[in-house]
């Protein structure tokens, strides 16, 4: 029986990378279905490769072994082999704004995320009903004051570990995660910011957009790093506003963009299509 | 014979503004063709009105007189009456990048600006040929070093006054105009900035966009104020980029957006559709 | 106490329409908050006006009476006065595809439709649970074969009358409504078609779009007339596809556009912003 | 010295295609810079591959020979090897509307087409001045009545052959080319149609769009086939219009989209990024 796999490779650019990888795959009976590559610079740059292929299930171990023993070392490569059937386990953190959570839940039910939502946690208890209705575990992890944050973050880390989460999605989670949390969580954390970063980083972006009189508002999905709103951008989009829009109507229009941008970013991440490169991303 | 006029009114919001203005116009035999209004707040806000109407030419003075003596004072209004046949006179300042100048010249030739380009000035002599070919005056006003700027700005002011310019357009003019120049020029100055402001204000926006890894790049047309890149925004737009784009291809893609955004802003300004409100604009 | 009203007027274009209407409103103590107008042709055309205003509740009857006795007849106008608090009652017809229904339900719960969903009917029973969960009545009106359609349409007409529906929304309702139904329903019917009309009218638009190799797919919300997919268009939008998209991924991408386009059309209709003009619409 | 090449391959899909091609390229010292592939169906479909690579100039013949003798036959492939320095020679046919011609000329001067415009021909003499000003040959080939068309087409074929054109671009050329012409011209012919095909194929699309009341208008660049406006689509785009737009303003707005769409299509074609597949295109 045939299985669909993804191989993602990052290495110094040099001639022969595609030849080496495709020769190995062909030797193991794989059929390349989709392939994308990018080099920051053919001379002296970094090369990124993502190959999607079908292969008989019993040949998969051989591919991993030969990548580990031959091709990987010869290319000085970091690489990872993903089984497309092993869908990523998604944990969602949320506060009170529910629109991006509801969008993720809806797309998950329609099987449009290429991943499984396995838990939702929140610093408020408001959304318990909407989550539990779908048979998903909901955890209320309150944060009250600065001294409560370390305990809350410890609780979250335990819940994420127990849920075996592969990725954490901040669906308008209004708490700033500490560097210590990010260092210990061990999986990527994706945030949706309600502005077209780097414009209006920080709090109150729609208020500031109204004050500045911009003609487009946007949203940005990015990996979370210790520096607030400064991590690698995965996806952005915008929508038009006019002088007639007030903060409320900009917030409503922005909510649609936040939902669309976050859903795309989560799906692309789950499909192993997003590669990090310094503080930027390659999206294949 | 019938003429097309525009009346623009700004005043404190209160009941009866539209009634007063439309009664006056009707009494003078005018037919309202287009009307747009906006209030920042029906209670205690500012009201903006732009009315486009046709009227017999010999009734125009009466409209102006009755606005000045009756309706204007009764509404505590600032207002202006424009004859649509009296097209605005546009002066363009440019440096070496020629794409936005060429776009303006092309749209002027096609009569798409609702205004007349009457002169081009530059701190370089490179574009003289392209401008003079169209029968337009080209003025080379070099700026070398800080001490040369006051003299250059004086020369520009003289040229603008002699050309009777109604609006100055900075088509990628790479000199920062002094507060003194802006105070003395006496007409609006429109700039095109090659980023989606307030992101990447200042120099080198495409380089900084590449470094930050944004997924959309944009351009912003705004009125120039003394604070650099912070004046009222008239129009903005964006286009999508990917990790494959380098600074050169982002610059090329951005050039198209700069052209489109600046051309729209200049046309709207010439049509008296842009009203300033603090540091923002109403675009009717 | 102040109430918000909408007055919509259609009449032959002539001088003085705005003056007459605004004088009446001012005389009744109304404050115009928003006004939009359009003329197909200042000479001999049709004039459309929509005015939004606030007024003391006890003055509303006077406005209606004076429109009926004075201003309306003098302008030879069709007009309608709407109380913004009297929200439109929306009935939704659906078959098995649930995405546009879910979008409408979601936006209704968030109070973004400016109307109330009062019933859902379907020719299948599948979506009963999702609808009843929200406390809404769900009616299963099966249609089996040509001879069953008249009975089904009669049943629908009774349900719509009993629900006092102001507008019927076909949220991917896969039955063609007869001319007789449309003549008797007495309220506007809005449909979402899953193509950028007039391209791919009729069945299977995504299949045909794939065959034709188009680079954008779209959706169209329109009022239903007896001629299939040919009624007045309210709103359209598109999204980009590539050669890599198959019918399934085009259907998924199209679903997002269908949801967005239908939600905008329903909201604009409920806000009395859509005026019909022959087979086209004015959207203020 | 290193040269940049493009190899385009079409063949029945089977395992090992990428391995075979990349092994050959690696053996000849080439470095793959960019690679894109698409399969209509991994089982029994057609596979399309475009590889961009750098290689020492003296190794190029070897690549061609080994593709011809080994890899091509073994894959049952159609393939073509292009030298990126050998820029395509573009002939433009135009009538009286000049906007798309001017756009192409402007982008050619800025070196944004990846090709060389080598001649312009027209059935009118109006644009001679604008073309000759740039040092380009302009040919007036009048067509008067049906009996004149065969002679005009013969004259065009001679001019195109003499100019060694690699591609013919119809920049709003208002004559229908005969099947005989298309059979004999021997190079691809690209047309810009001023609608979002398949909507409004044929004449007068803006008039028909206004009548139908669409909310978006568009343009389509496609390869010309004998069936009018039905050839493989290369690129499409749209822009928003409202009820306020008349045919004139829709024509003006559409002109911008026509320019942008045609310029992209010509550039992509010149970069060998457009592969035909039946009546559709793959755009890598």
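When the chains are written out, they are named A, B, C and D in that same order, and each has its own residue count from 1.
What we mean here is this: contacts are C-beta pairs under 8 Å (C-beta built on N, C-alpha and C of every residue); 3 or more make two chains touch, one makes a residue touch a chain.
Since the model is a prediction, treat every value here as computed from it, not as a measurement.
Taking shared numbers over all numbers used, the chain B to chain C interface scores over half, which places it in the same class. Annotation: 38 Å between the Cα-based centres of chain B and chain C. Between chain A and chain B, the centres computed from C-alpha atoms are 42 Å apart. In chain A, no position touches at least two other chains.
Viewed as a contact network, the protein chains are fully connected, with every chain touching every other.
If you check the complex, the residues on chain B that touch chain C are 13-20, 22-23, 25-26, 29-37, 39, 42, 54. On the side of chain A, the complex with chain B involves touching residues 38, 196-200, 211-216, 218, 232-238, 242-244, 277, 279-283. Residues of chain B that touch chain D in their complex: 99, 102, 106, 110, 112, 252, 256, 260.
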